[in-house]
Each structure stands twice: as structure tokens, then as C-alpha cells.
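One chain, chain A, links the two complexes that follow: it is found with chain B in the first and with chain C in the second.
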Partner chain A sequence: MSEHDFQWRRQLRDLSGPAQPQRDLWLDIASRIEAEQAAVPVAAPHRRRWAAGLAVAASVALAVLVAGVLQRHSAPSNTVVAVRPSTKSDPVAAMAAVDEQFKQVRTQDPRLAAAAVELDAAAEEIRQMLQQQPDAVFLVGLLNRTNERRLKLARMGQASS
Partner chain B sequence: MKIKLLALSVLFAPCLALAGTPINETRDVDANARIDISNVKGAVNVSAWDKNQVVITGSLGEGVKRLAIDGGGSLLSVRVEGPDKSKGWLWGSDSAMQETVLNLKVPRAAALELGVVSAEVAIADTVGGEVQVDSVSGRIRLSAVQSPHLRLESVSGDIEFDGKADKVSIETVSGDVVARGVGSATRMETVSGNLRVVASAPLRQTEASSVSGDIEISGALERGGRIEIETMSGDVRLSLPASVSTKIRAESFSGTLRSDFGTVRKPEHGPGSSLEATAGGGDGDVSVDSFSGDVTIRRE
Partner chain C sequence: MPESAPAAAAADDGALVRRSMSGDIRAFELLYRKHVGRVHGAILRIVGMNHARAEELTQDAFVRAWQKLSGFRFESAFSTWLYRLGVNVALMDLRGSGNEQAVEDEVLEFAAGGDVPFCAGERADLEQAVAKLPPRARAVLVLHDVEGWKHEEIASELGMAVGSSKAQLHRARGLVRKLLGAAA
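Take a look at the complex of A and B:
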């Protein structure tokens, strides 16, 4: 074996082992992750805000309708007036406020009770899914339609009492 | 002998009471009159004939205050009035009365507006008039009905529609819907009921949505037609003919998406799948959105 061959073999043996970095790479990686995390929310909330905006608009419109049902049903309720202004900026609170109002107009008619429970549960489930996945914009339409049905049922309940 | 008769009358008295009071009423109306009918419990059976007359037969349940028949000509109203007048026109305590069965023969082109609570509704063979039915738990069945505008709403009653209409709107909370007839513009909504469309003619514009109910649509698509399906957790099954010409867009956030058209895209990590495909010339528009339900698009 010549000196040349020996050197080649030694170099090959060194290559098969794990290569240690010359400097600490983690600092670089950490700073990149941070940069990416800072960049992502710029794109995502755009859609999220859009979905949330739709939900707020629908909720506020419904709040007015439910308030109408309530006011015809009984004396004007202070709760309805109180929840509306504070919820305009917060979709989650707005949707929760609408739920609260539906509870107030929930029918006592036993023939409608099961449907009322089912509609409340369905709206709650959609609301949770929407919070989980704000990108699922179509859920806003589904929630609105479910709330419209709740309103119809409230009106039917009123007609029966 | 007298004792025998007495015993017999005691024996049959409850049956006579349950049978109710027979109804036999006739009113002259216009060929395209609007007929409003309300009945809380029992049944409403409407069939069409070629006379400008409404004939009402059947039986009035025990405890019913009266059968109110008002109007004539262009508008006839037929209402079963319950014992408690202070309640709404349709509602009130229905435990105080027995079932009433109304059988109506109406002019073929009559428009119908029905309101029932638990009464079953069957309408057959009307042509040309608008049909609107509101029910709580009563089943609604329409067969061979042709209408420019059809609106069927129920809370828990099932709905069946066979016929043809320009505009169809069907809504339930938990009732199932089966539509063999289709409209030029059809909108169907349910919370937990199942929606099933087996189109007897090519679909033009169809919207179906549910929260948790399954949606099944099968049929041809008119040139440039549109199908829009939305569900939160229901499964969707859409069957289109191999010759269909449409763009197809489908997405499920966490359910499984399968399609005989195009290739389903799945993200490398995480759940969900989506599809964008063009079948034939891509004239129509098909879109399916599901949150957690499975979506299957089949080529027939």
C-alpha cells in the first residue's frame, strides 16, 4: 500500500463518521422559526377576520330580529340592549350573545321542545367548529341558516302560547 | 232485550265517539283559487279534479269546536278549530281533541296553503298553483304535483316530493327529505335529517345543506347547471353521469374525500382533502364543502 493509498483510505474512513458542524447552527434555525411565525399571522388572520366579520354581521342582524321577537313577546328586555354594543368587535362574544337571546325566547310548547334543543345543540357545535377552524367560511352560512330556523321556531312557539 | 241493547250501546259508545262527525261540504271556487287549510292532528288529503268546486269529506274529531269554512271564489279557507279559541289559530292544546281527517277535492290549478301540527299531509295531481305546507311533526307527501313555487317546511316530519316545480324550497329540522321531482331552482336545508335527491330530470340549480344529516344527490346536470352542497358533519354522496360537463370543487376539512373525477389532493401532514376537477367541457359548477363528513363523488 503506497503512502498515497493510505491517505485516501484515511480520508474515506473519516467521511463515514458523523460530521460535526463548525459552529452552533441552532441559533440560525431558531431565528428562522421566529421569522416564519411572525410572517404567518399576517396571511391567516386576513381570512379569519373575514369569516369572523361575516359571523358578527349575521349575529348582530339576528340579535335585532330576536330582540323584535322578545319585545313582541313580553316587556322590552334590558339584556338584549346590553349585549349588542359590546359584541360588535368580538365574534365569539357576539355569537354567544345570540345564543343567550335564543334561550330567552325558547318555546315552552312540548311539541317544539325537542327541535329547540336540537337547534341549540347544532348552533353550538357549528360555533365551536368555526372557532376551531375559522377558515371554514361556509360554516358561517350554515350557522346563519340554523339561527334563522331557531328564530322561526321561536315565532312558532309564540303563536302557540 | 232492553238490557242487551243497553249493553251493546255501552260497548260501542266509545267507538262511535272516536269515529267523529262525518263531513260533507261543497263550495264553488275559481279554477285558480287559493285554498287555505289548517288541521292540528289527523290528516289532510288533497287531490285534484277538473271541476271548479271544492268538496270536503272526512270526519271531524271528538272535541273539535267546529270546521270553519269561509270565503269562496278566489279564496277559500278551511280550518279545524280547536276547543281553546284563546290560543293561536292553528295551535292550542291538542290533547283535548281527537284526530280530524279532511279529504279535499280541489280544482287542478288551485293554489294551496296548508298548516298542520301533527296531521299528515298528502297532495296529489295539482298543476300550476303555488303549494305551501307548514308542519311540525306531520309527514308531507306530494305526488305528481306541478307548481311554479313549492315551499315545504317541517320540524320533525319527513317530506317526500315527486313532481316538477320552477322554484322549490324544502326545510326541516330533523325530518328526512326524499325528492324525486326537481325544480329549476331547488333549495333544501336540514339540521339532522337526511336529504336525498334522485332527480327525474337534469338538475339546473340545486342547493343542499345540513348540519349533521347525510346528503345524497344523484342525477344529470343541465348544461351550465349548478349544484352546491354544504354540511358540517353529514356524509355527502354525489353521483353524476359519465357524460357530465362541469367543473367540480370539493373540500373536506377533516373527513375523507373520494372522487371518480380528477385527483384528490391531501396535505402531506394533517387531515383534510380537496379536489378541483373538470369533467367534459366544464360548463356546469359543482361545489361540495364538508367540515368533518366524508364526501364521495361517483361517476355513474
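Take a look at the complex of A and C:
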């Protein structure tokens, strides 16, 4: 390395080192971080709570209806039926409890059996999708409609027996 | 004990990083105050001493550091991680600055037309000469000759071949020497 090259390298290396901004950037950085934090958590959990609330409410309402069918369908000793969903904070667990109750009122009428199996499978599939997408409100609506059909089928089975 | 100060600083950083990871923005402010000079200095040189642009990019770098903090694995010093992130933000800005390659090549061809000897000058003259380089050539020269990066690292960050990085550096040095010679 020649003397010139050495001097060149040294002078360029001397340009390195810290340089403070001409103004304090922290306030702008903090505002951007806070704005971002405020924007992100609000939207998603709000929807999630809404969907969870809908799912639990739907499960409770459905449990009461299924209990009505069960009471008419069962012996007098079984008139007190646990209709509460297993937990208010877990809509999937609440709906699983309702699902168990549906199995108790499943019709034995062979003409309705195929439809009952199909509706059970559909409800199970929607419940699994809800586990993967707990904030998907449309799935709660879909599950409600499926369960209404299951309830109607249970009533039809009860009437035919 | 010369090693104790950096070790203590790194330990302090570790505690502040952990607090920041748990959402403590005050801890992150302390990290900002401690490291902003190094990050801003590198960005300022890469953008050719454009203070307004460098300040915007320094802000971007710290916001991005906050966002990516959960990805910091404590495998390197936090100061190094932050510095690399800052440089990367400046280089991304450079990559996104449009089609300047043709213009750069013309300027660099002019610079490559002769081996001009180095002319020692003032620091300010040298800074100005470097700042006048086309953006990519300036980035290569700053990263190699000022920041001490290797060609392999530069090529990787700028998405170019190692040979291109070497060629850009050679031409950029020639242009700076010409600019300094013209100023003398």
C-alpha cells in the first residue's frame, strides 16, 4: 500500500463514528410506536370478543331449546338437565356441550337418520373451523343455522316416535 | 480493565432490551438515546449528508427495531443488530429510489478515465466529495472504506455480485479523487 493509499484509507476511516441528529427524534418515534400499538390490538380482539360473545349467547339459547326437547323426550327423573355451556369464556367448549345434548335427542326414526348424521358432521366441521378462526363471526351464524336444523329434526323425530 | 466497559454496556442493553420486549417504551427510549448516534451517523453518510432524509430514515429504523424486537435472539450485541438494521433501512431506501443505474454508469465512466492520485484535503472536503457520488457507488464506498464492511456483506445487502461491489468501489474512489483534485 502506497503512502497515498494509506492516507486515503485513514482519512475515509476517520469519517466514521457517531453523528447526532440535528433534533430530538424520540418524540416522533414514540408517537409512531404508540399510534401503531393503539391501532393493532383494538381491531382484532374487539372482533374476537364480539364473535365469542355471539357464539356463547347462541349456545346458551340453543341449550335451552334442546333442554326443552330433552324434557319432553325423557323420563320424569331426567327433567332437570344441565343446559349451561361448560364455560362462558370458551365458545367452542360451550358449543361442544350443546353438541353432546343433541346426541341425546337424536331421532331413532330411520327416515331421518341420514339427515341427522349429515347435520352432525356439518356442525362438527364448523366447530373445527371456529377453533382455527375464533374471530370469524360468519361461522357462528352458519353453526346457528345448522343447529336450528338439528333442533327441527329432533322435534320431527320426537313427533314421529 | 478495558473489557469491562463494553461488557457492562452490553449487559445494560440486555436488560433494557428485555424490558422493551415486554412493552416498556421507557426502556426503549434509553436504548434510543444510547445508540442513536451510531445508527444516524451511518445512515447520514449513506444518504450523502442529507440531514432531513437521514433523520426520517433514523426514525424508520427505530420504529422498525421496536417492531422486530421479538426477533432479537441475543446472539449478537444489540448495538450491532440495531446498526445493521439502520444500515439496511437506508439501503432499502436507496434500492427503492428508482432507475438511477444508467445515470450512475455515466458518472462512473467519467470517473474511471484515469488514475488520479489522492490529494489530502480537509475532512469537510472529503465528506462533500463522498456525498456527491451517485447513491449506489456512495453506499459501497461508505460501507467498505468508512464503515469497514467486506465486499461479500455489501454485495449481499445491495443485491449485487461481489465483483460489481469491487468495481463500484474502484470507480467511486476514482471519482472522489477527481472531485478532490478539482476542488484543490
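Just so it is clear, the second predicted complex is superposed on the first by the 108 of 161 C-alpha atoms of A that agree within 3 Å, B and C clash if a C-alpha of one lies under 4 Å from a C-alpha of the other, contacts with A are read in each partner's own complex, and residues count from 1 in each chain.
Here is the rule we go by: a residue touches a chain if its C-beta (ideal position, glycine included) is under 8 Å from a C-beta of that chain, and two chains touch if they have at least 3 such contacts.
Small disclaimer: the values here were computed from a predicted structure and weren't measured.
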Which of chain B and chain C A:D5 touches, first, second, both or neither: second
Partner chain(s) touched by A:R155 [first = chain B, second = chain C, both, neither]: neither
Contacts of A:A115 with chain B and chain C, given as first, second, both or neither: first
Partner chain(s) touched by A:E125 [first = chain B, second = chain C, both, neither]: first
Residues of chain A that touch chain B when the two form their complex: 109, 111-112, 114-115, 118-119, 122, 125-126, 129, 133, 136, 138-139, 141-142, 145-146, 149, 152-153, 156, 159-161
List of chain C residues in touch with chain A within their complex: 25, 28-29, 32-33, 36-38, 40-41, 44-45, 51, 54-55, 58-59, 62-63, 66-67, 117-118, 120, 123, 126-127, 130, 141, 145-148, 173
Interfacial residue positions of chain B with respect to chain A in the complex: 87-92, 94, 117-118, 136-137, 153, 155-156, 171, 173-174, 189, 191-192, 209, 211-212, 230-233, 253, 289, 291-292
In the complex with chain C, residue positions of chain A that touch it: 4-5, 7-9, 11-23, 25-26, 28-30, 32-34, 36
